[in-house]
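Okay, handing you the structure first.
Residue numbering begins at 1 within each chain, and the chains themselves are lettered A, B, C, D and E in the order written.
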Amino acid sequence: MIGLLDTLLVLALLTTVGLYVFGANRFAGYIGMAAYAAMTVIVVLVGQTLSGGETAVPSAMAFTVLGYPMTWRIDGLGWFFALLTTGAGFFAAWYMSGEWNEAQPNKRIQHGTLALNVLAMLLLVSSGDFLSLFIGWEIVSWAAFAMMTQLGGPAATAALRYLLYALAGAMALFAGILIVRSATGSFAFEDFAAAVPNLPTATKWVLFVLFTAGFGVKMAIVPFHLWQAPAYSFTPGASSSFLNAVSARMGLFALTLVLIKLMGPALLAGMDIAYTWFDARSALLWLTAITMIVPTYIALMQTDARMLLAWHGIGQGGYMLLGILVGTPLGLAGGLLHTFNYATYQMALMLAVFAVVHRTKTADLDELGGLITRMPFTYITLLMGIIGLAGLPPMNGFVSKWMIYKSLLNTAQPLLLIAAFIGTLGTILSVYKLIHNIFLGQLRLEHREVKEAPLSMLLPMLTLAGIGFVTGWMPGLALSMVDIAQSALGIGLQPHHLGGVDLPNGSLNMLWVVGVLIAAIGVGALIFYFLGNRRWEVSQYDNYAGGHFLSADVRYHFSHEFYPGLARVIGPWYRGWVVKMERGLQTLVAVLGDLSGGVFRFAHTPFYLLVAVSLGLLWVGLFGKI
Amino acid sequence: MTSGANTLVLPIVLPLLGAFLLPLVARFGDGLARALGIVLVVVNIFLGWTLWSAVGTEAAVTALGGFEAPLGIVLYGDRLAALFVAVLAVGALIFWPRAEHGGVKAYTLTLLLVAGGSGLVLSGDLFNIFVFYEIVAVASYGLAASSGDKAGFGAALRYLVLGALGSSLVLIGIGLVYAAAGTLNLADIARLAPEKLSGTTGLAAFLLLVLGFGVKAELFPVNTWVPEVYAAAPMRVTAILAGVVSKLAMVVILRLLVLVFHDPAAISLLMAVAIVTIVAGEFAAYRASDLNRTFAYSSIAQLGLVALALTIPATAGILAAIAVALHHAVVKPAFFVIAAKWRGPLAGLAGGARVAPAAAGLFVLLALSIIGIPPLPGFWAKLVLLGGAFDAGGAYAFAAAVVLAATVVEAAYLFRVVARIWQPAAGAKPAHFAFSDLSPALLLGVILIVATLFVAPIGTALSGAAASAADAGSYVARVLPGRM
Amino acid sequence: MTVETGTPATIVDTIQHEIPGIKVTKQGERRLRIDVARDSLPALLELLKGRLGFIHLSAISCVDWPETDEFELVYHVWSYERKTLASAHITIPRNPGRFVSVYDIHTPAGFYERDIHEMFGVVFVGAPNLRPFILTSWGGPPPMLKSFNTREYVNQTYEWVDYQPDWLKDVEAKGGGVEK
Amino acid sequence: MTGSEKVPVVTDQPETCRVADAEEKSLLRKVMDNFADHCRSRSLFVLHYCTGCGAIELPPTITSRFDMERVGVSPMVTPRQADLLLITGYLSVKTLKRVILSYEQMQAPKYVVGFGSCTINGGMYWNSYATVKRLDQYIPVDSYIAGCMPRPEAIQQVFLDLMAKIDAGKATAWQDYYLNYDAYLGRQMNLFGQDWHTPTDVVAEAKHYGYVGNGTTGEHTALLDQRATWSLDTVPELYPARGRNERSRP
Amino acid sequence: MLELFADLVLMPLIAFLFGLVLVLMARRVRAKIERRVGPPVLQPIYDIVKLYAKKTQISHGLMHDVSIMMLLGGFITAEIFLPVPGLDGLAAEGDLVTLVYIMMVPMLGLALGVGSCANPNGSIGISRALTSMLAYDVPFVVVIAGALIHYGSSNLIDVVRIQQEGGVSTWGVTTMPLLAFAGLIAMHGMLGKEPFELYIAPAEIATGPMVEMSGKYMGALFVMQCFQFYTVGVLYVTMFLGGGEMWLTFLPKVAAVIFISVAITNVFGRYKTEDVIRWMWRWPTAIGLVGLAFVMLKVN
């Protein structure tokens, strides 16, 4: 019987071709939804086989070219990311199935590229050895490029910038896998895992740097993070939310696979940097700490809603990597769970923002305000999303962040805990700015007749927010999925129950925490309704303005530069070193280009010929004898 | 083995004969001359194919005029030679000059080119290689000037002067070898080389030969003619020159490296030259102003890649060299076909996708393959090249790092153009492609896709050819039986 | 032209020399009253400001003379260097009630003229903005005119508490109380 | 009801039973109301809104010299949070508009205390065209303090009297604003012009909380209803005729 | 279960009542410093009952009401996770980190409610409140990190038990003086008292978030103030002053902690927003980090 993995890949291929061909007609969205739903079902079946004791589900697909064998199989880790991919694809297609799609210029390309991305990611996560990993990696980065460059103009430049970063990363990765091959004789994971402990430290360091850099570009770890925000923001709605939710996490999959599963955190910890307390693992940990803080405070300063959320995507990536690199089962479970949680609330947030853009034609936070009365359900989605993004109790974001903090506490790393907490504070500030500038405050004159987003857009958003809430209340559901992934990594599982995690020195039971919170809010509601007279709702113009009469032609609203005090304190800290480094690199290439172009135009070839001959003979005469 | 021997000389003789007969036939009608030329080229392809299939691991050797090895001129036809004879003929066929490109004169020169090229690859005698190198050079000067305008003549003249100087260097080199080894037969030289050509004379000879052949093989110091000639020459000539002819010079260098020069200093010299060629080619392409120049510099870089592959020890190097050379022979001419219509500054290309979607799609496919994106063949060529480099370690690893960095720059300037093509047209739209203009490029595109699907069998075949080419011992034994 | 310092006397000489038909009287150690023809007022202010340092226009007051059917406009200008206040008096006829604005010489004049316009109805040609800003919802005639009967308006618009306490009745009985 | 018709003389409230409080239903309600009045009287938030010259009397009353916090009086910043509105001195026509806006933004039960003779019958500005003579024509006033400007002891005394009235549940002047809103509105319109309006929808509020008397709606409130939504009619591009909040009479 | 149900009801009730006492103490201390008599004993109750007994209750939309519910609900939940002598409630189910995050839920609820009031004074107030939260939370997290690593467990019941084992000598304040001091400053900032009271700021932004709150909304904020005093006080006592063995010693400790910050507050003016940030990120953070260094030396 044809294996599960093969059916999955074939189905993904058929969806890609089918959606590209039938992308234009009205039911393309529904076809996509059905296809991605089927894929998700298959992935769940794979999950069952895996949880039933199988280490991996093999695929019949295998080639050997020029003596290099390539195999494909999906293990627990790959399965977890495959589930995220097909899930995100399903919600993106659902969002595209309704009214939102009619307004889009190039429906076929959007549907086609979304399906192509899902196919590419499934290929990547089911790679069996380094060569298929590299091939999958390349196809994923090119599929993402195709998706980003649809709208042309700023999108095209952002996509080109992404492409150069991705290619540089891919070349580093290419060098990495070739060094692996020359060091261990083959591309297989098992051989590398066996051989790596006794490799010379120099090759170990080279491999570590190359793999971290190669995968780090896609994960947008700090030095390589400049491309992600504009590239993800200028992509059209549903695809942008798909990219935000899942695309950057492919980097995390690969990093986890190589650094944790194959090399192992102990080995990384062993690779000390001379004359410092740091070793490979702690150096990377501090890089993720910076990745948590710097992008979050850049997000704080954004005035475009999509850019703000995209910058947060980079910050949240730092949390996941932090959890995974801590190395304890609790930290690993926290990191992987955060990947799942992040996918749910980030997609809900992006879909909500694009619903607002769909209705008000702008994502600029200074042009919006007071939409809560016009778009209440979008408001609810955004509210649940930001509670998740900020990591506050009722939502799932809190559970994974708590596990990461607890693992940091148990391994006695206070400074990292402080860095993570500073990142969370920055997130809380910027998400409040997001929801305040769009939904709260005075409604603008031109938005008086704005209607609520259509049902076809609301349902996916609310379902995602619902998933976030349910997995927040009962994290056990998500943790069981994380177990399958963690079992493949060989670090050991983190025992958990439906409500959360029980540890000797401080446990978390979300059933009680969220249960009591909801009950307490119920008590608050009772107090509100029974103690005190009935409420009387007044218009936004019946407001205290120091005795001044408010009227619609004067905008009585505070949203521009929302944190002036903070901006004055941390404003000077934004020196944009990384931006300067990037521009420096560009000018270096341009100068080299001018130089070599000049050489070709400087003189005619015979002159060079004579110079070359004379120098060559001189060289031969002097050095040839040795 | 002997039956195959005398067919060895046919790929050289038939086109040569055709070249001389063509002006006479042209009297009876231009179309007839063109048909005859095409027939001869097809025959050459067939001969190449028969040689490839006839020759297993054991190469076919013919002593011209019956004179035995060390004294007589010998033709050595192994799989490598057969491959390049076939590739040269196919290239000539696809880019056979049109009637308006100088008619009979162009046909004769192309046939001359094919003859010289085949001879260059097949001959086992050093001086014989020089003779065929001169024939190829002369033919390419003529073809380069065939565009008929002032720029074409100027470029061709400068190319002639440079070619002459290059050939003279080769001659001096051969003289040195002859003085030291006393013989001109490659197998014989190979046998005597360890003690005769080990010192500075060997090194000097190597330097001169490499620089001489480097002119045609577009190695660094001597390739400044490339952008000028490729821009001035007509598209079909540029395609043949860039695609195939420059590879032939590389084959000669390959033969020399395998058989004669094993001195590590020589190898490091060639690697240095190769690296500089790649870097110069890629960065110059980054600043090139129009499409044609970009591809000219890009072909320089790719040739540098082949040279780098040659320096890699053992069969891995040879296989990588052949793979990259073949891939470049397929991709670059197609690029030049597109560049022929899309002239002028890069900014003017905006809106190209709407005007000529086929050309734009082909451009992306070719760009993807030349950068080395799986599953396209470009990737496997790079994989073999870099795999060999990293295996060799040390300086080769540094060279591989340079190649990887150069690839990113290559992607930058290629996809800058792709992004431009897909943007809506600002001012004037770029030219539209008629099917006849684009047909050679589409054919090459199809070849590329076919190669992608059958990359495994092609890989094994090429590695077999590389193994036999790299085996100096069997070459000497084959040519000089019993005279080890 | 250097600005002469010195006692009011020297100021009087320069003014009389410059502007014909002007009457300057010293009203005190530091006060000057200048009666000048209506048309030469802007010139006078320009002279005072430019040559004699009277840079501060502290007020423009308007007096309603119903008998001669005229408005009297008084421009109070102060000089910090000389520590002297000069008050230029001019008269303009009531019925057209129009006069040129001195906003371009002294910017504070903008508000004073707006106030006088609101209270007396004098129209200053060239004033930047003469919209009402004190009596914003006032419909009646300019209230400061003597012709405006405040008492009658107040009686007509407002009501008082009709407060008849016993002690007030006794006082009125004795002939005192509030005059009607 | 033209402006010139005589208004009944303000005499002390007759000892009749309290005005029917809309919610008075059961014994429990009465106990609750008593307790609520008890607390209301002991916790007065004063809107320290200096409308005239008398505001300077407030600081000594509230700070250490007389310390009204002993009896639960503390100053508040916005009308929303205040129970007691102090009109400290003469009221020009412009200031009265802001006072009415603040009064309507306050939450019932709300109390107004007029300081000094200017609020009683115009004080020394009795014959000025610009000042308001009787405050209780425009907003219901709980109590006045005579004097030109009363001293803190007098203010303390009025606070204590007011607290006693609240405790007894008799400080219901604020209901009069709801029950006779049309009369108040008419008098306000006489002064401010026909297009006078405030952002608070007093009639709807009265209906919502059940304080609708026969005087709540009438010809003047009808004028209010002619406008579509007042907040938008001041936007020039939507309603060119109006365009500005403060408009002088045509 | 009954005992748990009793905890669920009793703990918030005690929190509220003792919170009223703390608010009364705060107002009395303020009065005494200003040489005034100060409010009567039941004044906080009078205020709250009067506000709830208001006849008209003005709301600015459903979110305004939900925020009041979130406000009360959040603090009631926080109370339940705070162990007090005799009543452990659900302290075992969630640890200190959970509690810190639960204390942010009411803050977010209030922020959303004030936002929906559509008054810029409120929005500026909330922007300042969040900025001050960012300011005081940095030293606060340094203190938490240090304390939890020192105690080796983040479960509050364990924290209290560890402190009570050796009597006063093992109290947090004796074993980690610097962290205790930094914690006190952070707590002062958390209470939003005078030098850091930049989000009420009556003179500048008309009491910031409370500008459109009236009637039962304002009443809920007064109740929140009681809960806030109690929660912050108990949290500090639990972390550094040995938690509660018995009520007689526990409540005075909480009152003492609150008294310190209340006493300080009345003699200070209000800092500007950036000065609050700079001050909080300089002194208390530095002291906290030094304390943390000592803790880390002891741990490994």
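Throughout what follows, contacts are C-beta pairs under 8 Å (C-beta built on N, C-alpha and C of every residue); 3 or more make two chains touch, one makes a residue touch a chain.
The structure presented is a predicted model; accordingly, all values stated were derived computationally and were not measured.
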Given chain A and chain B, the chains that contact each of them
none
Interface with most residue-pair contacts lies between A-E
Rounded to the nearest Å, the gap separating the Cα centres of chain D and chain E is 38
Averaging over Cα atoms per chain, report the distance between chain B and chain D in Å.
99
Round to the nearest whole Å and give the separation of the Cα centres of chain A and chain C.
74
Round to the nearest whole Å and give the separation of the Cα centres of chain B and chain C.
102
If you look at chain D, which of its residues touch at least two other chains?
78, 80, 205, 209, 246
Quick one: which chain pairs are touching?
A-B, A-D, A-E, C-D, D-E
Chain E-touching residues of chain D, taken from the complex the two chains share:
35-36, 39-40, 42-43, 63-64, 67, 69-72, 74, 77-78, 80-81, 83, 107-109, 205, 209
Footprint of chain B on chain A - complex, ascending:
63-68, 134-135, 138-139, 142, 149, 152-153, 156-157, 159-160, 163-164, 167-168, 171-172, 174-175, 178-179, 181-182, 589-590, 592-597, 599-601, 603-606, 608-609, 611-613, 616-617, 619-621, 623-626
For the complex, give me every residue of chain C touching chain D.
132, 134-140, 143, 148, 150-151, 153-154, 156-163
Would you pull the chain E residues touching chain A in the complex into a rising list?
8, 12, 52-63, 65, 68-74, 76-77, 80-81, 90, 92-98, 101-102, 104-105, 108, 111-112, 115-121, 123-124, 126-128, 130-131, 133-134, 137-138, 141-142, 145-146, 148-149, 152-155, 158, 206, 211-212, 215-216, 219-220, 272-274, 276-278, 292, 295-296, 299-300
Contacts from chain D onto chain A in the complex sit at residues 78-80, 97-98, 101-102, 105, 198-201, 205, 208-209, 229, 231-232, 234-236, 238, 245-246
